[in-house]
Structures are given as structure tokens and as C-alpha cells.
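The two complexes that follow have subunit A in common; it is paired with subunit B in the first and with subunit C in the second.
Take a look at the complex of A and B:
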């Protein structure tokens, strides 16, 4: 005979958006793992239909307040591809600078405020600030430095207003850029300190019996942000325009987010671990040297160690921002002229949480006939479920509080942005128990 | 009896998380705020959840599912002061664009098995469902306004929140007036201040993310755009129908514009 014990936690906290985890297990093993995403649908792809394609960056930014720049970057690149326009290299560099700001701001938020408290068994960064005041204060200052980059290039930190298809509305002034450049050495020191802090955290052991299939962009010269070829850790590569031929979305009954699988069957992982694995050699010099020094070379299969990879990407982003500012040349125009035409355009950029795909079909007046958006979290959903399954196998018989905490932490390892995937986390642990 | 700290709660409905993130983006003030209040319910930032009642409840997001209609009533009951933050909560948000469309059709477009998705026909502001004590406009809200609101409430005074048009902020910062300089259909004259005239200062026409100001004469502005500036109807409609599309002043003007065809 078996009876059921249900352990419920109503919401999974410290993730962006709302979702639930449903786990059923008994003494013989895990029966079922479902990451449920209840975030109410907002129908972005539908409401984009009929809108002018030039509105896509501002409308899609509202999918996610944590990574609006990523949405704007994928949108401008996709619409520019459809309109067959090329922006000058100087504009591309300013876009990367803006993106660096978002990587810093978003990663530091996750590392210090959402993820680090797990390693101290604390509920939030407020309590962590009492235990490790310097760490939290430095992290806030670093996050602020990232936000300052986004605010300078974008006009404001959340849902920037200065990005447009073809370039920017207004170019930053030389004096503003010089002031930004002066603020970055301090940010770099703080980023290095953050790496040391992350390296000091002991990740719980997690022998994953099946290696991750990583997917990230790869660029000839850069650690990827905008541009590059889509690559997998088992050696496949695709042009971003072929994304929909290989990466297929499925609807599952328990989630408002669509699951995405490679070739319709293989779960894969996008995000910092994937980028790091596929692009380690392209990290900025200090970030790479420090990674070597703290023993963080790929492969790094333990997802609980992703906090260190994120910290290294923060350092990389600060360094890259400094490089861009050091050889800045002002673009000749703030935005290139555009002409409406019918066509299709697709683009992938590396959001802080991994690849973000946009595709637009336009009519001859430049209106959107069809839009398709695949955010990182829906791509990672199946792999997160696999992580939980493997993790629970090693935790059977443990105290249910520990099981719950570990599960939540394992989800946070991948910084799921449920707002992106659509959104809402509720944790619902169900233990099917032998009745004595 | 020892004074207990006021309890702050943050709730999320249908939204992008950007408005609540604004609180975490107050890097300089965050720890000071955490000293003054007890953060009792803020899922994005803390896994510690204290039961209500709460002194101040910040509500982000619109009401767009049957469950949320129930949930917002419970939230209202639990909060002494309820403040809606951002265009989703104050006007239904960008997702209210579906109010004029066929939701079943939207679901079919996105989800292969649309019957599994629960969504109301309309995305509505919180104030359509429960009483609201204060509102902060914007998509997203402005951090300065958020801090002003919190410090006012903590010091038991009325928050000073501008009710005038973006135009006033434009003049205050010395930005060139786009409406006069022919810089495109600027929503500034009918939009509530709070952003600091951000878009005009970047040479971009305001797109109204702070929603309509009090007594906005939107029809007059639409008339000016159409007949004096020669702006295309589609471009005007796009300005009225974005992040505050379901705010009455913008919605009505859009409907009249449609009717004029």
C-alpha cells in the first residue's frame, strides 16, 4: 500500500516571474518532475501582428523587465535583417556596450541578490547584507555601474527608450562617455572581488549522469553577444536563420510556456554555462586569467557552480565595456535611414540567460505579418526538469526541507526568467510514502 | 509597546517584473529602505514570506485571468494601503491590446492546444476590481517617484507626485519642443509627467508610457497631428494604442479616430 504526502510551497521565490515545481517521489525514486509555469500569457506574438516593425523593439522589451535590452537587441537585428540594412561598425559597438550594461546589471542581481543567499541558507540579500556587508554593498555598486551604462546608452535602465531599428535616437556625448569610462576601473575591481566571492562558495556535489548539451552563439572574434553562428557542444552548427528548422517548440499540459527541443527531441542548455563552455578562449584577458587562477576552466558540469561563471561574465562585460570605450569612434549618424519593404528577418543574440530568437515577416509597408520569439527560459525548461530528476535521485530519504531547498536552488542555478517564458513559480513537492 | 516596523509587501499579477525590479534598482537606497520597513512579502527578492496584514502593498501587473480576479481581492483585504505600480496595474498594460481583439484567436496563434490556457478576454487595471489608494504611473515606474512615495508613506505625509503634462518637464529641462519643431507626433501634451521628459530629451516623440494626464484633450492633439502636421492615421493609432491602450482617454480617442475613417 502506498499513501501520499504532499509538501507544498506556494511560490518559488527569488526567480523572475511566477511558476511552480511539482515533484512526485517515493522511496524507490522520482516518479515525476514538472516545472510549471503559470505566468499568465500576454500574447506578444499575436499582438505584434499588424504593428509597424519599427515598434518591435519597444513592444517586445515589455516581455521582460530584467532583460529588456536583450529583447531590443534581438528585435533590431531581426528587423534590420528583414529590411536588408546594415548598421555601421560604430553603432554595433555602442550596442555591445549597452548589452554589457545589461549583462552586468542582470548577472549581479542574480549572483548577489537571488542566488548567493542559497549558499548561506538565508532568505534574501537583506539578511546576507548583515552577514557579509561588504559583499552586498560592493555588488549593489557594481549593479549600479551596469545600470549606469544602460541608462547612458538607453535613456533609462528598464525599457530603454533610445534604441531604434537602424541605430539610436541620440548618440551619447563625448563627455558622458568619458565620465562613464572613469567610473569603470572601480567597477572592474568590484567585479574581480565578486569572482573571488563566488569562487569561495562551495557548490553542493551534483554528479550529473548525462552531460549537458550546450547551445550558444560563437563569434570569430568575440565572446558572443550580438552576432555569430549557433553552435552545440557536440559539434553541430547552424546559421541563426535556420533556428526554426532545428529547434522545435512543444506545448506541455502543465505550463504556459512552450518547451523547445533540438531536432524536436533533445533537451539542451543555453546561458552562461553554455557560452562559457563554447567560448572560453574568447573571454576578455583579465576574466580569462582570473578564471584560470580560481580553477574555473570548462568543462564545468556542476550547475551549482554557475554562480562563478556568471561572476566571470560580469568581469568580462566590464572589461569589454572598457575596451569599447577606449577605442570609441563616434558614428557618422545616430541611425541609418530605413525604407519599408516586404521580407523575413531572423536574429539571435545572447541575453544574460542565453540565446533569444526573434523572427519577423513583414509586408511591403513594413508591417508585421507574423512574429516568432523564443526566449532562453523556455529552451532551458526541459533541462531544468532533468536536473531536478537527477538531483532528487541523490536526495531520496533526506529531510523534506532540505529536498525543497535544494530543488529551489537547482532551479535558480539557471536563473530562469519566467516573465520571459511567459510566467508564475509555485513549489509543490509531493512525496508518495509507504504507509507503515 | 515597542514600535514595530511597517510591513511592506510586493505582489505581482500579469506583468514583466520591470516595475518591482525598479525597487531593487534603487541601489543606493535599498538597504536603507530595508532598515525602515519589514519586507514581508517580495517573492522576487526574498524567500521569506510573512503572513498579512501588510501596511503597504505594492501591486504590479494587470488582472488577466479568472484566478487573479479572486487573488486581487485577497491582496486588497491584506493591505492597509494599496498602491498600484506601473502601466499594467494602472491601465491594463500592453497586454490590454487584446481587449479589442479575439483572445481565442490569439491563443490559437501561439499555443497548439489553446484549451489549456486560461486567460480572460480583457486585461484590466487593478482599480477595476478593488479600491486603490495611490498609483504610480509609467512603463516602467520612475525610481525617484517610488522613493518619494515610500518615504512619504513612511513619514505619514501625502506623496508629491506631479499631475501635469510631460511638456512641463520638457520646459524644465530645456529640451526642444518636438510638437513645435516638427519632430513627429509627441504625446507629451496629453501624458502625465514623471519620467523627466526622457524621450523628447533624446529627440524622440513621447510615446505616452506614463498614461493620460488629468483632463487631457486628446482629440485636439489628434486633430493637430492629422490636419496641421499631416501625420498618418496608422502612426497616430500606434501612439494611442501601446502601453496604456486601455486608459480611458487614450482608448476613447483611438475609437473616435477609427470611427472617422
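Take a look at the complex of A and C:
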């Protein structure tokens, strides 16, 4: 007997999309870890070529049913950069409000329905509802509040259709916004309760020997959503337009999603933990105060504790939505005028799962010559594999069911969206001359 | 609260429009005292929609091997037969919740209506942009008449199949 154990999880549960995990280890250590993403490639970048750039927000929104707003926000900002268009502050604030809705929807789903069951060794939210009915009931109401924001600003909850390059197709009416504002105090109470619930959970110990390299946007005035400087936890910063100079993708045999490494060699982490570490001081006041009260200041390197950071970001999003609605000034126009021109534009926004990069090259008629999209899950793959290696080092000799569960949880810690990550697979054909 | 009829399905995908077509036909019949709701983008919102109702009917398209297009399929008092609901299949997204899970969640949270019926109309063509089959359009109209008559008559079975 070799003493070697192989753990294979053929279908990862409670993560979006189709992926598998392959781990091989023996008493001496971990031999192999592969996060296999076998969901077929989706070729969105190729699909965009030749299309009018104004279609990019609606086409790319279809990449994901959980974070379509993120795709729309990165697309509109990138195309506006290419067309050298600036939108008024009032439009920018409405976009931020829309993004708040998506953060609430996405994070609440993950915190209460997908991640929390792990802390009680339960298979799903249905079983969690038996144990913690108030938590699940509140989460459903909170998610509905996020849906309402996206439906009002975006036209519908999933794959919104009201976002356009230059602004919106239709501005919300004052009465609609007032009704939304009236619904948010209850959402805020529920968000605070969600933070207390998440703070009560005991994450399994995870002494990661190598600290995370966090990457997130940093904004001078705000906790980042729609803009800012790309920053790392070791002090580097880049303009979003320089992303491709420093963040390099490459293919690995076991995944249909490209791996992305900083400077081509350094794995890094994007998402709530990264944002929290790099922007803690910019959290909305109640969220920051509550974070302090429950002892959740950075550094919080244990990824199993990311559930608390997501809950804090939910509270932050509700509070930010309230602030935007309280100061609302109707934009003079729903969208600024646009003129087609050739150019290149890139943008990064903070999707719920982390930075989402879009770049478009346009011809003089505003058609897309080339598109590049780098979603958060693709960027986190290597770091998730590292997490699994470090985790397994501490679990050698444990029961294989426990090891399997912990590994699945370690992946869910980062809420990966595999469907987002597989829309690009580069195919290089090399013509080889026949040898006579 | 009024009885609620929820139609699931996409009008743009051929026979998947069976549920919304049933609602259209019901709206033409103008049955009094019934609330109609089309499309639930987030299935979890159904939990809330079920709460406090005495009666909810869900209508959707379905595929059943060897059944003709337009055939009606029913799970009467579906909350009492979770195994039949569970057999309806998995949602297309792992972040989405299927009807059986929604019903279980509603049961656990005490939101189940006194009676929940699920109706399916067998379809065959679900391609994007395709029109619904004539047999599905006819079945939707037939089902609408049946539901309106059943609810108007206070028949809790609504002439279950």
C-alpha cells in the first residue's frame, strides 16, 4: 500500500458553474492540487468583435446571472474611456446605487444560503432554515431589498436592461426612489443582524504560512465600486489602463479558465477580503463601527472568516444606498450624447467577487475590434489552489470525509463564479510546414 | 389574501411560454378575486409570494418523455408530495433554487399556503425566438378555463388532472 490518498470531488456544490477538485496527498505532504474548471469556454470576447460598442453592456451582462451589473459597469466605463466621454456626478451616483443592489443580492445569497450551512455542517439553506429560521427569513427579505434596487435602476432583477453607455435609458422617478428609500431602514436592521450572525460563527483555524497578496481598487473618497486606483497589499499601485502590463493570463491544462498572475508569477487574491484590507477606513460609518465592535479589523487572513467581511459589505451597501438616496439630485439628462471614434478604453470595477477588467479597442465607427475581459474568479484560481495546499498540510491524517468537506469549504470561501471565468479560452493555431 | 397563480417560463423560448400564455388566457377571462403573477426572476422571492395565501397555483412548461405536446400534467397539493416535486429536476444554475427547494424552504419557515398545485404543459421546442407550438397555445387556453372555473366554483381541487 502506497499510503497515498486521492480526493476527488466531481461536482463542486454551492458554487456557480461546473468545476471539480482533484487532490492527491500522502503522509509526507500534498502531491497535487487541481481546481478543474471544465465548464465549456463561452467565447464572449470573440462574440463582441464587430459589434457596436454600445451593445457591450447588454451582451456582457449575459455572462453572469449573479453579477450582471458588474459586467455592465465595467463595460460602460471602458467604452466611455474609449469614446472619451465623462458622465455627470449624478449619473455616477445612480450607477453606484445600482451596484449596491447587486452587492446586496450576491453577498446575501452567498452568506446565508451557500456559505453559512458550512459552519453547521449542513448540506443546504433548507436545513439551515430549520436551525436558524430568523437568519434565513431575514436573508430572504434582505436579498429582496437588493433585488428591488436592481429592478428599479436596471429595469429588472436579473440581466438588467436599463444601463447604457453615457448613462441610463430611463431615469427613476422621484416617487419610485422615495418608495425604495422607505424600504431601506428595515434592510439596514437586517444587515446589522446578518453581521452579528456572521460574527458569531467560528471559522476553522487556517494558519496560512504565506500571506495573501491582496489586489483591489482604492478610491480617494469611497469604498471602491466603480473606480479608483488598482492597489496591492504590498504597496504597488497601477492605473486600470496598465492592467494588462502587469496582470498576465496563461493557460493551464486542467482548467478552461485562464489563470492570471501578477507580473506573470505572483498569485493574488481579489474580492471582499482584499477590498476590506485595502479600504477598511472607507467603509460606511455604521459598517465600520460595527466591524470594530465585533472585532473585525484587518488583518483578517483567515479566508473562512470571509463570511463576516461579506456581511459587513452588505451593511456597507445598504448604508451607501441610503446615503445616495438621501442626497439624490436628478441628472439633467438620462444619458450624455456620444460620438463614435476610434480608440482604446479600459476600466476596472469591483464586482462582488473582486476586480473585473474590461478593455475594448474600437474603430472609427465605434465597432469593437477587440475585447478583453478578466473576471475575478479567473484571477483567484491560483490562490484558491494555494489555499487548498496549505489547508491540507494541516489536515494530513484526518478522516477523508472531513478533508473533503474542508476543501469544498475552502473553495466556497471565495464564492467562485465558474460560469464567469470560462468565457475566454484562447486558441492559438500554429501552422507547421510539412517536412517532405 | 387572494389565490395566486404564478406563471414560470420565458415568452421568447418557444414552448417555454406555456405558463405566461396561460396567464394571458386567464387575464382574458377576467376571473374575479385571483392574483396573477408572471415570471419570478429570483425563485427565492417565491417563498415570500407563497406566504399567507390559502391557495397558490404554479404553471410552467415541462418535458415528459412519450407525452404529446400540449398534454397537461399536474401535481395536486404538491407540498404533500415533495418527492414528486424533487423529481422535476435541477435548476440550470447552481446559484438558483428549484421549486422543490423553494417549497421546502417555505415549509420550514412556515410560509406554505394551505394548498399548492403545480401544473405543467408538455412542450417540445424551447429554442430562442421560436414561436410556441399550436398545441401548447391551445393547452394554455384550456388550462386557463379549467383553473378559472375551478377557482370560481370554490373547488379546491380545481379539477386536478
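As a convention for this text, the second predicted complex is superposed on the first by the 414 of 436 C-alpha atoms of A that agree within 3 Å, B and C clash if a C-alpha of one lies under 4 Å from a C-alpha of the other, contacts with A are read in each partner's own complex, and residues count from 1 in each chain.
Everything that follows uses one rule, which is that a contact is a pair of C-beta atoms (placed from the backbone, for glycine too) under 8 Å apart; a residue touches a chain by one contact, two chains touch by 3 or more.
Keep in mind the model is a prediction, meaning the values are calculated, not measured.
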item	value
Superposition on subunit A - do subunit B and subunit C clash or fit	clash
Subunit A residues touched by each partner, larger count belonging to subunit B or subunit C	B
Partner chain in contact with A:109 - subunit B first, subunit C second, else both or neither	both
Partner chain in contact with A:169 - subunit B first, subunit C second, else both or neither	first
Touched partner set for A:45, first subunit B, second subunit C, both or neither	first
Contacts of A:123 with subunit B and subunit C, given as first, second, both or neither	first
Contacts of A:391 with subunit B and subunit C, given as first, second, both or neither	neither
Subunit B versus subunit C as contact partner of A:355, first or second or both or neither	neither
Touching partner for A:58 - first (subunit B), second (subunit C), both, neither	first
Doubly contacted residues of subunit A, that is, touched by subunit B and again by subunit C	13-17, 65-66, 109, 113-114, 124-126, 129, 136-137, 140-141, 143-144, 147, 156-158, 419
Complex contacts: residues of subunit A adjacent to subunit C	13-17, 65-66, 105, 109, 113-114, 124-126, 129-130, 133, 136-137, 140-141, 143-144, 147, 156-158, 419
Of all residues in subunit B, those that touch subunit A in their complex	12-22, 24-25, 27-28, 30-31, 34, 39, 42-49, 64-65, 68, 93-95, 97-98, 101, 103, 105-107, 109-113, 116-119, 123, 139-140, 195, 198-199, 201-204, 207, 209, 234-235, 238, 242-243
Touching residues on subunit C, where the partner in the complex is subunit A	41-42, 44-45, 47-48, 93-97, 101, 104-105, 108-110
Touch list for subunit A against partner subunit B, complex	10-11, 13-18, 39-43, 45-47, 49, 51-52, 55, 58-59, 62-66, 68, 109, 113-114, 117, 123-126, 129, 136-137, 140-141, 143-144, 147, 155-159, 161-162, 164, 169-170, 250-251, 253, 256, 258, 408, 419
